[in-house]
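There are structures below to look over.
Shared between the two complexes below is subunit A, which pairs with subunit B and subunit C, respectively.
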Partner chain A sequence: MAAVKPRPKNPELRRAMKPWGSFSWGYSDVGADIFVGLGLVLGVAAGASNVAFLFAGVVYVCIGLAYTELAATYPVAGGGQYFVMRGLGDFFGFVAGWAVLLDFTIDVTLFAWSSVDYTSQLLPALVNSVNPWLHFLVVLSLVLGLCILNVVGVRESTAFNGAVSALDVISETCILCLGFLFAFRPHLLIHAMQLNWPSPYQLMLGTSLAIISFVGLESISQAAQETQRPASVIPRTSISLILTILIFALAYSNLALGLHPWHPITDAAGHPLQFWQIFPHNADNQGKAVALLSAQVPYYGAFAALYVPVLGAVLLLISSNSGVFGSSRIAYAMSTSNLLPSTFQRVHQKFRTPVISIVFFCAIAVIELIFAAIPGLFPSFEPIYGRFFRGEGGLGFLADLYAFGAATSYSFVFLGLISLRLTDPLSPRKFKIPLNIPLRFRGERVEFPVVGVIGFIGIFSILIFTLQTHPLGRLFGPSWLVLGVILYLVYRNHRRLPLLRSQNRDWRKAQVEILRKAGEFELMDEYTANVKASDARRAEESVP
Partner chain B sequence: MMIVRAALAVALMLCGAAIVARMVAWVRPAGWEILPGVFLGAAMIALGAHRLSLILRARGSA
Partner chain C sequence: MNAASSEIQVTVAGAVVALGIAGAVGAVLWWMLHPPSSYVQRIAAEAESELERMVGSLIVAFSPEIDSSHMMVLAARLARGERSELLAIYVIEVPYTLPPDAEMESEERAALDALGAAETIAQKSNVTIRTETIKARSTKQAVLDVAKREKANLIILGSYREGKYSGAPLGREIEEIAADAKCDVLIGVEGKHGTLLIDESGASSQSS
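== the complex of A and B ==
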């Protein structure tokens, strides 16, 4: 009889992920964003949609590089929250983590909503404006279904993620290549940009929406936790991921503006329209933009019209699931750092999953869904939304909060990056963002990241755009943060922990442990040697 | 397999170069509005170069 291995007391994640697994994990999370973002941006930024994507894309490259450096240096699953906590302290770490949690809960609802929108391309009964109740019930059942799957511990496998990601990369490449070859007309693009340039307000709104096409970089740090030798693997896969997503976003927005439709598109009076003109003031079309675009690609479009909606729906559902999974994992990490009550660490006895975290954040996702769906379900509420929220509802509401959460957490991550470069120069950085200024800070040689400052200015301006142009984001985003801060202060007071200051932690010991667990023994030795050399130098300097 | 991946990386760079060239041809009538297209092409060239450098490094260490 085979001996039964005892279950470890504190089970840890197995580091078994290969480079493709790491890429596909990130891709299935971030790659789905363009399926949601494209229609929303085309709907408001019109002829400047590609410029909105370009601005958000440049900021995203800076964010991606920051995450790559941080995840390779500190390969732990806490992600942005951990980096900020380590760089700026417990309070700001909590604020960043709480903003990420907002994004994950929105992620669950927004992507389940969009998944149904893509399905509606093949099943017209699911169109939101036709059957709002059916649409709502299907989205609700998807959210509840994902909640149950996560509670019982069923997750999509890395192999499934990899297969869907590969299929998506191939099919998007086909759509874009054939689209640019056969349907792209540069004069239409220039015409759209020159004659349909939006107002500054719409451009700001479009840019703040474009950032949602690049949300999900937390997956880089989550993948780092499960990758063997992450300091070497993560930079390779992350740069490929960042550039792939950037290329798709820029390509889609340019193609959409310069597309000569395969099938003529006309308005109600029979006048011909450009492809992008089907998006303003049409939430149904905005929700399934990639499927509509792929159907307009000559030759390939007839085939793509059949499977791209299904592919989009599956990819969006995977992304929605990563919201359920990610929120519980971040809450777990925050709870172990004493930023959230220990309830969020409680694991189900039978399924060994953080059941309370999963149910709590899914409940929030359902509340957000109800709020988003109300104007469609009860037309009597429309005047209230129209008066107080500029008529926003549905996708608009979800996108508002998504943009707010992303811009807030990313702003803190840049500050965390700058702070860690100054306060923790001894940690070996196998990947470093380019463009650094060498300085001396508190007796140590440090490198000040110029790209970090550029990225911070970019993402902070997007946060300002979000607050300026999103009436719901302006109201509910800060309210979420205020609610979280109250919860944090009450909890820290109850546990008799410092309220605004940080707990004492031995980061040096923690860093050695992180590198040891990651299998980065050379870096661990380098770090230990750096620490010893620094201590010896300080001891010498202190001798009079 | 490595040759196929290298060929794809080179194809990506060529596509990027074609897009840049096509957009630059419109610089007179369009002005700065060609910028997003040029960035797209540049990103494709960068990704192709990145993939190619990884392949060459892997081949060097094999």
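== the complex of A and C ==
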């Protein structure tokens, strides 16, 4: 009699996401970054903003390629944390995941903050410097609102994400094409670069801020478990996302430096200013750079001034929301791997959502918001921030931590990539980063990724820039990691699990299961054949 | 901000960059949306095109001995999905002891019911249907002749009516139609407890 399995009680995630769905999940996260990053970078890197974006962009391409290869090879929901855990072991997997969690909590606050900044373009009462309390309360209510929505299980759909992403891609392409066509003056770009080249310190600061325009590739990896044929689709969606965002970031920064404004801009004394000059020392403008730039595109700007703030605010809010559910998903994945207490797996009986994870990380986001808003809310605190944190507050404070978390987790992802290339050469890689050195390692033929090393050097140097130039990031970032490591050690000790070593896991069996669940049967067959061939070769070699 | 500046200049560099951006973004997205198909997808695509070829013209055959009502539902849904032509026929077998156009009241009445039900099913599925009652000496030959005339791609048949089961796995006529037809034949044979195409939970609730 045939043994028929009973219908599963808890169905697995349905693989319904097509290429555009996968792209839009990533785009709604990364695409929003330029709305925040552009103004911040123009504010500090001035005439070298495009160079800052270029350097961060090169590193970002390396990161993107690494994520693409890893997500296509291991299409599971854990993302970067999973890759690092598999490549470097439980401890470093925890550190990478904990850094990503920092990024996600910052993501919630930073993008909610920036969403309000964009809205203030149409509702001036929300300008932070005018009404800091109102600004703070609106951001706080957005964060709490997103928390409640996620607890009761309401989430934007893939269709909504797809529609907003499509609108934004079209809108940004129009802004850039029409901006370059009608308002770009090459001599203004050269003038800005020659006369306003920043100091090395400012350039490092600008580069470390530029990296925040490229954070969020994690979302595509996290959605891998819901993507149809992830090993084939994810490389395409990732590479498309990388290229689209890179094109936008480089184009925006060059256009901003060489823009001839449709409406003349003057300073207080009536002297004409270049467009980018409205950003240094003006946090209000830094928070809504894309809206300000689009309004300066001849003719189209009249229309763009009305919808870009709304589109930007919606996209930023989606990105903020991705921080809420992203943090709960990562915490859930880490908890199932025994890196975090099982409390983070607990789901609400009625709503079936990981309520403890959501509330815990939203609470951290609120604490970060309070830290960021204090100098604006209580001017008496300004001297303290001025003395210890170079006066950083608001958007700058959040951007500091965001850059730190991103640079830390990405550094580990590169190490994870290199390690997995050496220790798991049998897993078929439908996408492989180019430029590899063939080697023999532990009896297997492996390919050492040169781009992985270049990327690691690039992102590690950005991490150093961040630590050097961001006093708050230097203080709070490592503190976050130290706190996490203490909690990890206490938890592992309590569960009587290895503290610094990894638990024993059957990765071969796990990989077959991953590929089977992904519907990548050809890759599953290839992997099984690779394993058999490797075992047979080893058996032959062991015979004297 | 002051009034709009009237100075609009198009530079060569600006125009080239603008075109480059539009082209690059468009090309990247087009490439992304057209991934190569997998082996499994190719099998599925071939099966779909085969089905399209197969269901261009459908004939659902009824007779006093062949009950195709449940298959009619399937045929209507298939026809709707594939935009096929649908023809339901009821074959009345006239014995050799009678003239070919002999009146057979009870059989003709049964044909009206069967074809009326077929029309209702088709209307529910929003499918256009033609119906035809055919008197013939042999059910098999009548079905095959109509299939030839209509250049049918698929003949759909139900199973034997209750009480006429002769012990053969399929009725002789159904087997002969399947053997001699020049097109595909889809036969719906009810399971032991008559649960084919019926939701088990629904069936159990009905029976209780």
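Annotations for the structure displayed:
The definition used in the following text is that the second predicted complex is superposed on the first by the 533 of 544 C-alpha atoms of A that agree within 3 Å, B and C clash if a C-alpha of one lies under 4 Å from a C-alpha of the other, contacts with A are read in each partner's own complex, and residues count from 1 in each chain.
We take it that contacts are C-beta pairs under 8 Å (C-beta built on N, C-alpha and C of every residue); 3 or more make two chains touch, one makes a residue touch a chain.
The structure presented is a predicted model; accordingly, all values stated were derived computationally and were not measured.
Superposition note: with subunit A as the common reference, subunit B and subunit C are in steric clash. Looking at the shared chain after the overlay, A:Ser253 reaches subunit B, while subunit C stays out of its contact range. Using the contact criterion defined above for the overlaid structures, shared-chain residue A:Ile190 touches subunit B, although it does not reach subunit C.
More residues of subunit A lie in touch with C than with the remaining chain of the pair subunit B and subunit C. In the superposed model, A:Glu522 makes contact with subunit C only, not with subunit B. In the superposed pair of complexes, A:Leu54 makes contact with subunit B only, with no contact to subunit C.
In the superposition on chain A, contact is made by A:Val169 with subunit C only, not with subunit B. Within the superposed three-chain model, A:Pro298 lies in touch with subunit C and out of touch with subunit B [touch as defined at top]. When both complexes are overlaid on chain A, the residue A:Ser232 reaches subunit C alone and has no touch with subunit B.
Shared contact residues of subunit A, touching subunit B in one structure and subunit C in the other: 177, 180, 186, 236, 239-240, 243-244, 247, 251, 254.
Subunit B contributes residues 15, 19, 22-23, 25-26, 29-30, 33-37, 39-40, 43-44, 46-47, 50-51, 54 to its touches with subunit A in the complex.
Per the touch definition, subunit A reaches subunit C in the complex via residues 19-20, 23, 169, 173, 176-186, 229, 232-233, 236-237, 239-240, 243-244, 247, 251, 254, 260-266, 298, 519-522.
Across the interface of their complex, subunit B is touched by residues 50-51, 53-54, 57, 177, 180, 186-187, 189-190, 193-194, 236, 239-240, 243-244, 246-247, 250-251, 253-254 of subunit A. Looking at the complex, you find that subunit C touches subunit A at residues 1-5, 7-11, 13-15, 17-19, 21-22, 24-25, 28-29, 31-33, 35-36, 38-41.
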